[in-house]
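What follows is subunit A paired twice: with subunit B in the first complex and subunit C in the second.
== the complex of A and B ==
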């Protein structure tokens, strides 16, 4: 029953998408300047039916209707309600439906945004966006249907992968999708603007909101994914330069470059072609990332199941998208003259873009190189954090400097900013680092520079915030985001320098003495929970220097459905430092393998990213109030 | 100039897409298929329904053996079961079932319902013995000959094509 309603509703939505494309083509030719009402209706019903399809699937999960293969394969009656709900998008088919929902949502929002302006441009955007939507709908219905039925319906489902049973992972996919799937709307708008030869600053005003929305959500999505990796994967790290993480970071670089360039486009009508290329590239990069993680071409926690036909479908779509955009781009390429004044604000935006493209290239090469090498020469290599650290670290220093200096400069003017003040702040940052840097491990020259310049950026951003508030200007978002970025780099670096780790074996009753801590293995308990059994170790950690004691309780969990063992780290999170302990059993022995880590500033790293995205959200709200 | 740039980007992206396509076709997953041609290790396994155990060296008595790792809780095992039944009708091959991290009652219920293709059922309650066979998930099956040498490994459920291959390999 659910299956039929779901398929029907999705089909109706597909027909409406087709109608939208068809009707738009004929409406484009009409001379009238107002978009006829039927488009709003079509788009609204398209949205309504696709949301309905999603609700049907959600309903199937909540009430454990195992007649749907998708529910059977990814859920179980004993699952807590929250994970039944998040299970809806914890698999390939369901997440594809969510993906389409977001594309349709943004198609609708774009149509009603700035009603009755630039009719031709809006209709062409609608056409491109709905061609994309149609493609994904056909993919969903023919290859990855979440509403496929199983008969007779099994009485029990197979369960959701336990490592996905985590609150952070519940909200990670929707956030990330709001980020990079919504970039489809400015992909479509860019193609439409090329065809209509829309004026540059009009285009900038049209897409700015969507770029900031997608950027803000992408930032949050990446943050939540990192937090999940930190808590759930149990290795004490939060960013592994894994191809999957890189796939979310690469569109982020492009989005960041894009909305900085938009500033120039709005003010100066410059960089139009570049902005168009970035808009197109962002969504192409998002789909490429999706291809990499969904096709099984790379191994990761996101490869839900290895189905080459799925990869082929996305690849064909990718090829189609790229050729379409290339043809349109070259046919309608706008002519423009850019004369940038050195040291003017617009040239700093250009610097930002160069850096973003450089970061993107480094990450792209690191991600694709192993794949290319294996395909072309059968050789297997892996590119680890060492590559990224070595290549990226030196460039962070000038990048931080430009981030602090750039906002001080003036539009259309190459006047130097107050150099005295600048040197004073840099000097202050240097002294702060040298006063407080009594690091146990010796840190390198570059790390020291990174620390100095991240402090410089933090101080400068505070100063900017102060002047903005004093001048009653409400343009705080930039300073806030830049402040967040400075903090992020600062805390990542100090975390990197000050983290400690020790590995050893212990059995119940024993105590291990480390330089600053002693760890006592008090006892071991077996507990039964709703969807798993667990072995809980109780450890007493004594901070020898500060006479503080705390208990850490790592677990070894055996989930029922499906049967999977997971190791849950125990983390005591404090504002300034985390203590992190994982245990795993050693076969045929009463000893347990223990890994004890101290990780300073973890919470401050998360807060920094929150501050970065807060800047974006503030900008969205400010636009609304205007 | 513009044309040149167009073709440059066009062929550039085309070559990337071709590499992606080739990448799709190569096996990326960690595979224990390298074990083909090597003999299986000798392992003692407890039996599921009776006390006592069984050593894999005893499989030398069979012309060909398919060692199948399964459990009642595993959905794909249900899918492949009919093919195992089909294979079990051939005298040249015997199927050894290794019941993986399962419950005895549920396992027997599964076989009563779907049929029993196995000439012998061993168990691996902890999942540790299976590691000796290079098995890291189920269903998985290993085809071996009289000398206990691995002819083929099947990761995931067996399908129609595999049955055909097995019949060919065992010469019937």
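== the complex of A and C ==
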């Protein structure tokens, strides 16, 4: 029953998308300046029906309707309600439906945004956006249908991978999708603006809101993913330069470059062609990332579900998108005369783009090189954190400097900023690092410089914030985001230097003495929960120096559906430092293998990223109020 | 204003320096740079698999024998292939990986320079 309603509703939405494309083509020719009402209706019903399809699937999950293969494969009656709901997008088919929902949502929002202006441009955007939507709908209906039936309906489902049963992972995909799937709207808008030869600053005004929205959500999505990796995967890290993590970071670099360039486009009509290229590339990069993840050609912690036929489908689509964009770009490439003064604000935007594209290429090369090498020479190579750290770290230093200096420069002028003040702040940052940081290990030259310049960026951003508030200018977004970035680099580096780790074996009753801590294995309990059994260890951690005690309770869980063993870390999270303990059993022994870590500033790392995205959200709100 | 910043950062650094001690040693550093070949995207340090346990004890033995970090990597790469190393070795077949980013950055810099040197002032238009 649900299956038929779901398919029907999706089909209606498909027909409406097709109608939108068809009607737009005929409407474009009419001389009338006002978009006829039927487009709003068509778009609205398209949105309504696709949301309805999604709700149907959600309904199937909540009430465990196992006649749907998708629900049968990914859910189970004993699963808590919250994970039944998040399970809807915790699999390929469901997440594809969510993807389409977001594309349709943004198609609708773009249509109603700035009503009755630039009709031709809006209709062309609608055409391109709906061609994309149509493609994904066909993909969904023919290859990855979440509403496929199974007969007879099984009485029990297969369950969801336990490491996906987690609150952070519940909200991670929707946030990330709001980020990079919404970039489809400025992909479509860029192609439309090429065809309509839209004026540069009009285009900038049209897409800025969407770029900032996608960037802010992408930032949050990456943050939530990292938090999940930190406490669920149990290795104590939050970023492993895993190919799938990289796939979310690459569009982020492009979005960041894009909205910095948009400033130049708005102010001086410059960089039009470049902005168009970035708009197009962002969505292409997002789909490329999806291709890498879903096709399963990459080896990663995230390869939960993959299937070569999906990969082929996305690859064909990708080829279609790229060739369509290239043809339109070459045919309608805008002529422009750019003129840049060195040390003007616009030149710093170019520097930003230079670094962003560099970061992007490093991550892209690091992600794809192993694939190429394997195809060409049958040799396998792993590119891990060490590569990215070595290649990227030296570039962070000038990047931080430019981030502090750039915002103080003036548009169209190569006047130097107050150099004395600048040197004073840099000197202050230097002395702070040298007086207070007596790191014994790993404090290489570059690490020290990174610390110095991140402090410089933090101080400078604070100063900028202070001056804007004093001048009653409430344009704080930029300073806030830059401040967040400075903090992020600072806390990542110090966390990297100061984290400690010890591995040892213990049995119940024993105590392990470390230099600053002693760890006592008090007892071991077996508990039975709704969908898993768990072995809970109780450890007493004593901070020898500060006479503080705390209990950590790591678990070894055996889930019933599917039968999977997971190791749950136990984390005591404080403002300045986390203690992190994981335990695993050793086969045929009463000893347990213990991993104890102290991780300073974890919460401050998360807060830094929140501050970065807060800058974006503030900008969105400010635009709304205007 | 500046004093205020100074005080805050000072406090942070004081806390930092008092906690500044590490139990980590060479063995863990090596574990973290090795891929667990039977897992999906995990390091030897993070894995509890039999394979990871074996490699850990091999590394422990080699460190005890006085082998250098790089020698251990080479030893393992000879046995299991470069796939096991998370830091790709610096050799001919990986030159593209190591150098291409810098070449592209350099080319980008030249492009920027050309943009700045182009002299057609907008103001005269």
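In this section, the second predicted complex is superposed on the first by the 621 of 626 C-alpha atoms of A that agree within 3 Å, B and C clash if a C-alpha of one lies under 4 Å from a C-alpha of the other, contacts with A are read in each partner's own complex, and residues count from 1 in each chain.
Just so we're on the same page, a residue touches a chain if its C-beta (ideal position, glycine included) is under 8 Å from a C-beta of that chain, and two chains touch if they have at least 3 such contacts.
Values in this document were obtained by computation on a predicted structure and should not be read as measured data.
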{"item": "Which of subunit B and subunit C A:168 touches, first, second, both or neither", "value": "neither"}
{"item": "Partner chain(s) touched by A:11 [first = subunit B, second = subunit C, both, neither]", "value": "neither"}
{"item": "Subunit B versus subunit C as contact partner of A:319, first or second or both or neither", "value": "first"}
{"item": "When both partners are placed on the shared chain, which of subunit B and subunit C touches more of subunit A", "value": "C"}
{"item": "Which superposed partner A:563 touches (first subunit B, second subunit C, both, neither)", "value": "first"}
{"item": "Which superposed partner A:380 touches (first subunit B, second subunit C, both, neither)", "value": "second"}
{"item": "Which of subunit B and subunit C A:105 touches, first, second, both or neither", "value": "neither"}
{"item": "Interface residues of subunit A shared between complexes with subunit B and subunit C", "value": "299"}
{"item": "In the complex, subunit A residues that touch subunit B", "value": "72-73, 158, 291, 295-299, 306, 308, 311-312, 315, 318-319, 322-323, 326, 330, 333, 368, 371-372, 374-376, 561-563, 587"}
{"item": "Contacting residues of subunit A [partner subunit C, same complex]", "value": "233-235, 240, 242, 268, 299-303, 337-342, 347, 350-351, 354, 357-358, 361-362, 365-366, 369, 373, 377, 379-387, 390-391, 395, 428, 432, 435-441, 455, 459, 462-463, 466, 494, 498-503, 514-516, 545, 567, 576-577, 584, 593, 598, 600"}
{"item": "Footprint of subunit A on subunit C - complex, ascending", "value": "1-2, 5-6, 9-10, 12-24, 28, 33, 35, 40-43, 45-46, 48, 81-88, 93-94, 96-98, 100-101, 104-105, 108-109, 112, 115-116, 118, 120-122"}
{"item": "Of all residues in subunit B, those that touch subunit A in their complex", "value": "2, 5-6, 9-10, 13, 16-17, 19-26, 28-30, 71, 73, 75, 101, 128"}
